[in-house]
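Each in structure tokens, the structures are laid out below.
Here subunit A shows up in two complexes: once beside subunit B, once beside subunit C.
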Partner chain A sequence: MKYLSWAYLVALFGFILLPVVTLVIFSFQDGRLPVPPFKGVTFEWYAEILTDRAMMEALGNSLIVALLSSLVALTLGFLAASGLARVVLPGSVVMRGLLIAPMTVSYLIIALGLLQMFNKVGIRPSLLATGIGHVVINLPLCFAILYAAIGEHQKSALKAARDLGAREWQVLWFVAAPMLTPALAAAFFLAFTFSWDEFIIAFLLTRFDVTLPVEIWSMLRSGLSPATNAVGSLVFLVSVIVVVALELTLFRKGSK
Partner chain B sequence: MSIEKQEKRQGATLVAPALLWTLGFFVIPFAAMVMMSLAHLEGREIVQGHDLGNYLRIFTDPSLRRGIFVSLEITAVVTVISVLLAWPLAWIIATRVPARWRRMALLLAVLPFWTSYVVRSYSWALVLGEKGVVMNALVGLGLLAEPVQIMATRSATIIGFVHFFVMLLTLTIYSNLIQLSPNYARAAEDLGASKWQVIRLVILPLTLPGVMTGAFLTFVLCIGDYITPQILGGNNELTLPQLIMLQLGRRGDFPMASALSVVLMVIVTLAYAACARWLKMERV
Partner chain C sequence: MTADVHIKAVEHRFNSFTALHRVEMQIAAGEFIVLLGPSGCGKTTLLSIIGGFLTPSEGQVLIGGRDMTHVAPKDRPTTTMFQDYALFPHMSLRDNVAFGLRMRGMAKAARNAKALEMLDMVGLADKAARRPHELSGGQRQRVALARALAVEPDVLLLDEPLGALDLKLRRQMQEELKAIQRRVGTTFVHVTHDQEEAMAIADRIVVMNHGRIEHCGTPEEVYLTPKTMFSAEFMGETNRIPVSPAGEGVTSPLGPLAIAPAEGMLCLRPESIGLSGEFSLGRATLVEAAFYGSYHRCHFRPVAAPEMLLTAHLPQGAHPQPGAEVELFGRTPVVLAPEAKAAA
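The block that comes next holds the complex of A and B.
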């Protein structure tokens, strides 16, 4: 049983890590094709990517869209969660259901609906349109995380602040936000990652200025290339650094 | 104004922005899409109508109907294989790996989760290609006389999907396992159950909620995904999302794309209904 367990562990880890390891190794390929045999190490492809203007613009666009859309989703989700946690409104259950609903719908359908509506009202495919779509997919997530984080303890603290004469914005800004910092950070981080990596909405709702996944997608059309490996490895590296950093700081603290 | 009324008004004010956003950018577009699915294309003009012609075509046109079956088949196979592979992995990490290495092992097991989704599919294209590492190794070791075509077939799509969902399911099942009190297993052992019986009769049923949640997530994400089948599966057989994108791209057939999306929606809703009922029965 013991050896079987370890063998299984190793086999599955091999399966899980195989594509990523291959991706990274062949990003250094000294040749035109990222397939065996490995011909030696070169940084040429990384240099090519980092000096590629379209790629760098797409990277910038992705950062802006991810940052702004997650901030909007976080703000809307935060306000809604504190509102619904505060009083029982008529139709509270329906409202919660409505706010969560987009989570169960595939991104393609959300993108298609928005594309049609934007076409009708004359909003052109753009980063703004994409950002709006990303708020739609991330708002349920932010709302759900924050709503779950507001427990009885938080509710009574908010009530106390109100009873002591704090204005609504003061309650939210000085009491609710600091108390919910871990949840706010987690929600923001998740929303940012989802927006950063989202493809289909960005693909349908952008035209000239595109985000990084769309730019990578158009790279794929020209077939396998070590340059694509290099982009992929860089994106991977950045995500791993962020995840490890979070693991070491935020979540470690949060779990204590 | 009474305090209670004032409270309610302030609460409503706080919820309003999020509700309006959801209404304007989710509910209305969705309703518009359902309306659009009742229209049809004449030449390049969209003619608004109120007939079910598109739906009729989906279920009579062999290439469209086939898309539904291809999607369902792939999704079912992926869900089953992923659960079967992920459960033992989660269990081994939760019970066999020493406690201090556990988080490390889990982090490693879901590491590729953090690469970009598009890049992950591309990596599999790299690995599974005719000249890729897998074929190279198999031929090199003499296990295969010559490379077998995997890329641009259903197998490649399934492998790519399974890779992603094994990670997802390992996470959900692991979090389920780690919450179980070790007393259940101990009690069963004291009562004379063998190791295998403990797993099969005690641990496995207790993880069903986690498994079902993960399986449902897998189903929903898998059946709605365009990237993996497009990159790995090629164009020999098309899944529902691929068909939707094809309608948009080729001739801007928004009505048909919308009708197919509604069908996709209905399938997901049915799956949810099936899972929810099943889970409730489990609880009783």
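The block that comes next holds the complex of A and C.
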């Protein structure tokens, strides 16, 4: 029984991690195709993509879009959550439902809707349009995380701040935001990684300047190459860094 | 800094539930008022209305003669000490206490000096750099008090602030609260459901029940001469003997009693019954006695009315034997009219 459960554990992690491990290993393939047999180690493919201007531009675009769209989603989500936590309005439940609703809609549908609407109002497919799209998908996430984090303890501290003469922006800035730092950071990093990986919205809402997933996709169309593995490994590396940073800063603090 | 508070015909409804029924109340400047009542009696609602967290459905709140009914909490000359302290966990004690002054635009050096002064008043000056989570419950309590008083409010509102403390600490904090209130002279409005706490600290007690004020008076008045059956029972244990007028006195199941003629329920506190006193209650047999330290708690069965049981607290010296028959006497009789009982 004991061996069986260990075997199960190993199989589970193997199932989750093997594709990634394969991807990373064959990014070092000394050959034209990222398939077995493994012929030897080379950094040639990394050198190739790091000197590929289109690829590096896309990477920069992705970082900017992820950073700005997450900040906007975080700010809007924070304001919505602290507002709805503060007062009970008629229809509060409906408002919360509406804010979270976009989570249930597929990215494809959201992208199609945005594409049509942007066409109407004259916003061209661009990084801005993609950024707006990413705010649409990440705002519900940020709202849900922050709303859940505002407990009775926070509410009464906010009440005390108002009682002591703080204006509403001072309540948010001096009390609510510092008290919610762990939730704010978690929401920001999640939104950041979602935007960083997102393909469908970025694919439909960009044209000349594209984000990294779109660039990788166009690279894949010309066939498999260890270079795509190398890009994939780099994208994966960024996500790992974000997660590790999160683990080291926030969760360690929270467990104190 | 102090001000009087005038509650004018305040009524408050939550949907269909009426929490306060046209409450009228005058609080003098510098007074220590305790709102006392069981949970759901409307005392916290009234406090929230004075603090500005609720706007009454009807009526007015005047503080220092100015109409504050629709003024936001931050613009009122009131501060609140919350039940759960509501300290800011990410700030040091000094920053917590200085917060109100910072919001009023006081310069950093001045507000820190004032914060230290306030922390010194509550005996925590040496812990100014600590965070709230490093303190005990009683210490957090003091920080909350210092923070609320730092902005020199005219009226301090205390929402069951001692509820979470153990008995010994609560007694100590009661004395400190009273002493601090005398020193700063601010009007204190304190909410509690503990009648001993209310009597220990209040200048005047407001007994509330079902959204109405039952009795408003000094602790002695409220305890010794309650106006309604509810406040009589809520303030402490009481023996009830139905009486009706007869000649110069009254008749009762115990026989004729030599008190002023009245119809209703004679209420006697256990310590108002003894082996000597103002008027005789007739002979009675001791059924049970228990030693409570400062007194003997005794149950007597009157000879004239064996179905009744009178509870008396006798002084330490008096040591009756169970089964003994003695003559009981009463002091400070209060007869409450039957309609007062119906209202309660």
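Throughout what follows, the second predicted complex is superposed on the first by the 255 of 256 C-alpha atoms of A that agree within 3 Å, B and C clash if a C-alpha of one lies under 4 Å from a C-alpha of the other, contacts with A are read in each partner's own complex, and residues count from 1 in each chain.
Going forward, contacts are C-beta pairs under 8 Å (C-beta built on N, C-alpha and C of every residue); 3 or more make two chains touch, one makes a residue touch a chain.
On a predicted model such as this, the values are computed, not experimentally measured, just so you know.
Legend: residue contacts after superposition of the two complexes on their common chain; A:147 is shown touching neither subunit B nor subunit C.
Of the two partners subunit B and subunit C, more subunit A residues are in touch with B. In the superposed pair of complexes, A:194 makes contact with neither subunit B nor subunit C.
Using the contact criterion defined above for the overlaid structures, shared-chain residue A:28 touches neither subunit B nor subunit C, since it reaches no partner.
In the superposed model, A:166 makes contact with subunit C only, not with subunit B. By the touch criterion defined above, A:157 reaches subunit C but does not reach subunit B. Contacts of A:175 after superposition on the shared chain: subunit C is touched, whereas subunit B is not.
Comparing which residues of subunit A touch subunit B with which touch subunit C, the overlap is empty. Listed in rising order, the residues of subunit A touching subunit C in the complex are 152-153, 156-157, 159-167, 170, 174-175, 178-179, 181.
Across the complex, subunit A is touched by residues 7-8, 10-15, 17-19, 21-23, 25-30, 32-33, 36, 85, 88-89, 92-93, 96-97, 103, 105, 107-112, 114-120, 122-127, 129, 131-133, 136, 163, 166-167, 195, 220-221, 223-227, 231, 241, 244-245, 248, 254, 257-258, 261, 264-265, 268, 272 of subunit B.
Looking at the complex, you find that subunit A touches subunit B at residues 1-2, 5-6, 8-9, 12-13, 15-20, 22-23, 26, 33-36, 76-77, 79-80, 82-84, 86-87, 89, 95, 98-99, 101-102, 104-110, 112-114, 116-117, 120, 132-133, 135-136, 139, 143, 168, 193, 197, 199-200, 204, 212-213, 216-217, 220, 224, 228-229, 231-232, 235-236, 239-240, 242-243, 247. Touching subunit A in their complex are the following residues of subunit C: 51, 53, 72-75, 78-80, 82, 84, 86-90, 99-100, 103-104, 147-148, 151.
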